[in-house]
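Okay, handing you the structure first.
Which chain is which? They are A, B, C and D, in the order written, and residues in each are numbered from 1.
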Amino acid sequence: MLARLKSSWSYLAIAALVVALILAPFHWFLGQYTTLMIVIGIYTIVTVGLCLLMGYTGQVSLGQAAFFGMGAYISAILTTTYGVNPWLAMLAAAIMTGAFAYIIGSPIFRLKGNYLAMATLGLGLIIWILFKQLNQSFGEPDGISGIPYLSIGGFVFNSSFRRYFLVWAFCLVILLISQNIVRSRTGRALRAIHGSEAASESIGINVNQFKVKILVLSAVYASIAGSLFAHHVRYVGAQPFDFLASVKLVVMAVIGGLASIWGAIFGAGTTHILSDELLLRFGDWDVVIYGLILVIVMIFMPEGLFVKLKEVFERLRLRYRQRGTEP
Amino acid sequence: MSSAQFVQYLISGITSGSIYALVGLGFTIIYAVTKIINFAQGEFVMLGGLVSFTLIYRAGIPLVPALFLSILIAAAVGAAMYLLAIRPPKKASVVSLIIITIGVAIFVRGIAGQVLTKEFISLPYFSSEQPIPFLGAHIDTQALWIIGTMVVVTIILHLFLTYTMVGKALKACAINPVASSLVGINPKTMALIAFVLAAAIGGIGGVVFAPLTFMSYQGGIMLGLKGFVAAAIGGFKSPLAAVFGGLLLGIVETFVVAANWGPFTSDYKDAIALVVLLFILLVRSGRLAEEERAG
Amino acid sequence: MSGSVILETKGLTKAFGGLVAVDKVDLSIEAGKITAIIGPNGAGKTTLFNLITGVYPVSSGQIYFQGGLLNNVPAHKRASMGIVRTFQQVHLFGNMTVLENVMSGRHPRSSYGFLEAALRLPKARREEEAISLNAIKYLNLVGLGTHAEQDALSLPLGQQKLLAIARAMATEPRLILLDEPGAGLNTLEKRQLSDLIRNIREMGISVILVEHDMPLVMGLAEWVIVLDSGQKIAEGTAAQVQKDQKVIAAYLGEDVE
Amino acid sequence: MRNYFKYAVVLVLVIALLALGGIGCSTKEEGGATPTPAATPYKVGALFASSGFNSTLGQTQKPTVEMMVDQINKAGGINGHPLDVIIYDTKSDTATATTLANKLIEEGVVAIIGPTSTGESMAVKTITAQANVALVSCAAGSVIVEPAGNNTWTFTTPQLDYVAIDRIYMYLQEQNITKIALLTDTAGFGAAGRKWLVNQTMLSKYGLTIVPDGDQTYGTSDVDMQAQLTKISGTAAQAIVCWGTNPGPAIVARNMRTLGMTIPLFCSHGIAFKSFIDTAGTAANGVIFCAGKLPIVDQLPDTDPQKALLEKYKTDFEARYGEGTANTFGGHAYDALMMVVDALKAVGPDKAKIRDYIENNIVNWPGTGGVYNMSPLNHNGLPSDAKQAMILVKIVDSKWTWLQD
């Protein structure tokens, strides 16, 4: 009963969200924030992957920006240097990044907790250094430029208005796919691994295999987001994929409540609205305030702002319903 | 390469190695006691340098007292960090603690940039700027200061941990917090001490290498990462291991440069440091698993 | 079934560094019976479980399940072969509801994967239906049907242990190993527990339990095996074992509970 | 109880966020000091790397613009219209730069100056071009404006990177130096320099060769370059060309002294900061670098067309921000904004007209970087002849002295 009611509520919420998203980019609504929302959409895709990996499966990654960057760089290089069709490039990027994740997966998951964090951090940095080399060999010293727009037939995504819909179409599809996964046998297996690896093994869950699979999935998400990023900015440098970028991604995931698919939008959203919009008013002090907010949120809401808000909302509703049912 | 060159490389490696080692020590102390990777460690180093610069050139305080004062300030910041940011959260996960330390790092960095200076700063040499010839190579006097400080700090820390009451308590807490709390050691106090120690050592580091390698408010990040690698190579176990990790890292770096693989060598050397890190982590992973089963 | 041997070990040994936790143990567990493994603390009971369920690799000796060699079968495969266990420290999935915990127990009895899940293909829907139906069945078996939607860890310890058993049963085992199921339960809960265990046996599933609570063991077990410091020192019916001098000696070593 | 406390915190945070937004809006409305409130302000956008790894270059650019806006508005604005420059910090991040560029365009600016680095400029220029907004960059990468045909909407004020290198190589040849070693920063600025330093036609033009083992690099985070220098000291190099921004070159200078290396050290305009002399100390003496004329303005003849303007900029800036703070990078921002301001004076807030004006009417136009002559084929406007474009500065007893030849 409660479950059904909950889910019906969440569907309502999702429907509202979708409508809002469709109307958002029109000038009479949130038009002047179109590009900001594109960026949010792109980062949401990466964050969802991270939520699946960290929130559901409980495996830390401090190197996720590397996958994000691989998508961007492979797309950039294939389209500029080799003139490959952008969509093919995006596909190739996803496959290559996924394969890479698969290869590193089994060794890296012999580590747990802090040690896993360290290893992923190290891997991320190595890839980041590699990116700087790619600049030298495929573009200008600090980046690759001249990346074409994406296009379908004659329809070119050459305005932020158009790209907005492209990005969010991708984003919503990925969110739905992820939600389906979470609510499935696979999703339960992932959460089981988070809950207790010993118990998971005992009921026949191949823990390592699932860890690797989910890493690959999150890597593919990140890669797709990276490709979209490359065709949006049309310039790829190493900067957006460094260690702090990986941290930023983790922050988004955590603020979004880690174990919550739709929280990812919230996480990516708040983080970017904060850093690209609100904090700009504070000039040079913005980083200081950003750091402060980060610490405060982590101290009082380790399970994330989104979850907290949802809890409050839930309680209010339940209380209301109880009152309603009282004779 | 000639023997003189070889010596020169070694000296250079040991110098940067000592820097990494000092940062690594901080990581290790905090991790051993609290199981927290403190990504703000590099910021303590930065503070050491920038604060002493401010005290000397803005407040006109003479060198020596300024140095000690700035070390104290760094330590104070460490204490504040623990009390205000690390202790409060109740059931914080590995991830949220990591984020907290990074948040603190960003905060401290920002404040330093706004309040102290955004310029690159350097401190006067502690002694003559004339390098000392040694086996056909040249040693910067400040480099000797750095290496010396690193050695002294390590020895003092070692003695402190083995012979003082507090030190033993710290060790016990690192090995088994539950048991040590049973025998009346308060893990929270120990954690506080660990943070203060780490911050102080970071400050000392900043103070001794600001004269040789210049510092800016943003300098903490990369130093922090290098020190982190040093500590990780050392396995976050013992201070000595961290020092070993630092020196290894520094020496490997210089000799990679000496080998000179084309134009990107200096990037490769960073990459190689990280590869070493990964390799060691994975080799160790087997034993880690066993430890977990035992525990 | 009854009479045949479901699990057999020959010279089973596990050493951690110098310490030998399980020392050349020969067991032969009869199918369809309730077998109890008792012994003072540190006798190696739990280690024995961990060997049978593949948490640790064996140092030497063999384990046979229904005649087949088990030594090199990875832990997660053993569940689908029909071996399942519960844990001393329950190990429920805290991030799930009661029902979901049991549903996850259906893992080895369902097969759809990432792709079907992602796209909600018919196969996925069909299996999900079956999974939740079965899950509810096993939840009712342990009498937790009414708590389906609760968070697993919101249950009192007694019910948590029942839930753990339901989750294990959901894998449709032929052999279930219960690690101290009675620990921390009050008398009422213990009675429910022993009823449940008999129930399971009636379903033709062999039960091995490690238990400290002697009355519970003596009431349930049809066959009792006694371990002491890694070695099997006696086995027989409850009555026989209680008279055995070696056993008494072993227990006098420490105070009997 | 704690729960409620937690909710309270959530509430406070949410309110705080809203408040931030509020403050933001209010500050935005205030804008710059408006002399004639009636007239609508002219909105110009500015993107600078005030933080991040390019901030060594960018840090004087924001202050420069803020100073100019005050001066212009105190003097009654542009044709009575107050000048409102919206300045954002790119954090040296190309992604942020693009987001902010779009933001500026959406906020209705008529032109954008900056960003600081080549990378950021490359990322931003496609966006501005598409929105038909002129971009006057402050970065030296020739790729930004060349070929001019494809960069209709993009200009840049600094001397292009290869010009600087041309200038140094020219001097090396005059000194009969033929064998050189390189030591470059792997990050943006240094890497961009290296691209031209190793360029064969460049080298052969001045009869230079890079000695074996002579192409060394260092990471921005490196604390010690003795290894690279030891390597070089083992070669036949007659001079070292070091391309990077602080602290790299300063460490190099000091390490060279430590190693007792006596061959001359040549650096880029990336060290044209007071802080270089402060940090490198006595080791800085003898270092030669190329730059605009700002560092040695006091030594310029009064006939120099730039002198008056350079002196004014230097004195104004240092009066406001302290002794020895002015540098050529702030100058690039000065030139960029000045061009836009002149355009606004002449044609008003019309994006297309502003572009046309900068392209066609910035002629014999003295700026801090040099005398500009923009044209459809030259969107940098500075003479390509290195000798006219840049000068050499030698550090003698911790002072910048003009190295005339």
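Just so we're on the same page, contacts are C-beta pairs under 8 Å (C-beta built on N, C-alpha and C of every residue); 3 or more make two chains touch, one makes a residue touch a chain.
Fair warning: this is a prediction, and the values are worked out from it, not measured in the lab.
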Set of chains whose contacts include both subunit D and subunit A: B
Among the chains, which is located farthest from subunit D on the basis of C-alpha centroids? C
Kindly work out which chain lies most centrally, taking the average of its C-alpha atoms as its position. A
Taking each chain's centre as the mean of its CA atoms, how far is subunit B from subunit C in angstrom? 49
Hey, how far is the Cα centre of subunit B from the one of subunit D, in Å? 34
Could you grab the centroid distance between subunit A and subunit C? Build each centroid from C-alpha atoms only and quote it in angstrom. 40
Averaging C-alpha coordinates per chain, one finds the centres of subunit C and subunit D separated by a number of Å equal to 71
Shared-interface residues of subunit C (touching two or more other chains) are none
Can you pull out the residues of subunit A that are in contact with at least two other chains? 132, 136, 284, 287, 300
Name the residues of subunit D that each touch 2 or more other chains. 51-52, 186, 194
In the complex of these two chains, what residues of subunit B are touching subunit A? 31, 35, 37, 85, 88-100, 102-111, 113-114, 221, 225, 228-229, 232, 263-264, 267, 270-271, 274-275, 277-278, 281-282, 284-286, 288-289, 292
Residue positions on subunit D within touch of subunit B in the complex are 51-53, 55-56, 59, 186, 194, 198, 213, 215-224, 226-228, 230-231, 234, 246-247, 250-251, 254, 257-260, 275, 278-282
Contact footprint of subunit A on subunit C as seen in their complex: 53-55, 74-80, 84-85, 87, 91-96, 100, 103-108, 110, 112-114, 116-120, 124, 127-128, 131, 149, 167-168, 170-171
Applying the document's contact rule, which stretches of subunit A touch subunit D when the two form their complex? 31-36, 39, 132, 135-136, 140-143, 145, 158-160, 229, 232-237, 239-240, 270, 274, 276-281, 283-284, 286-287, 293, 296-297, 300-301, 305, 308-309, 312
Please name which positions on subunit B make contact with subunit D in the complex. 1-2, 5, 8-9, 11-13, 15-16, 19, 113, 118-122, 129, 131, 138-140, 143, 209, 212-216, 218, 222-223, 225-226, 253-255, 257-258, 260, 262-267, 269-270
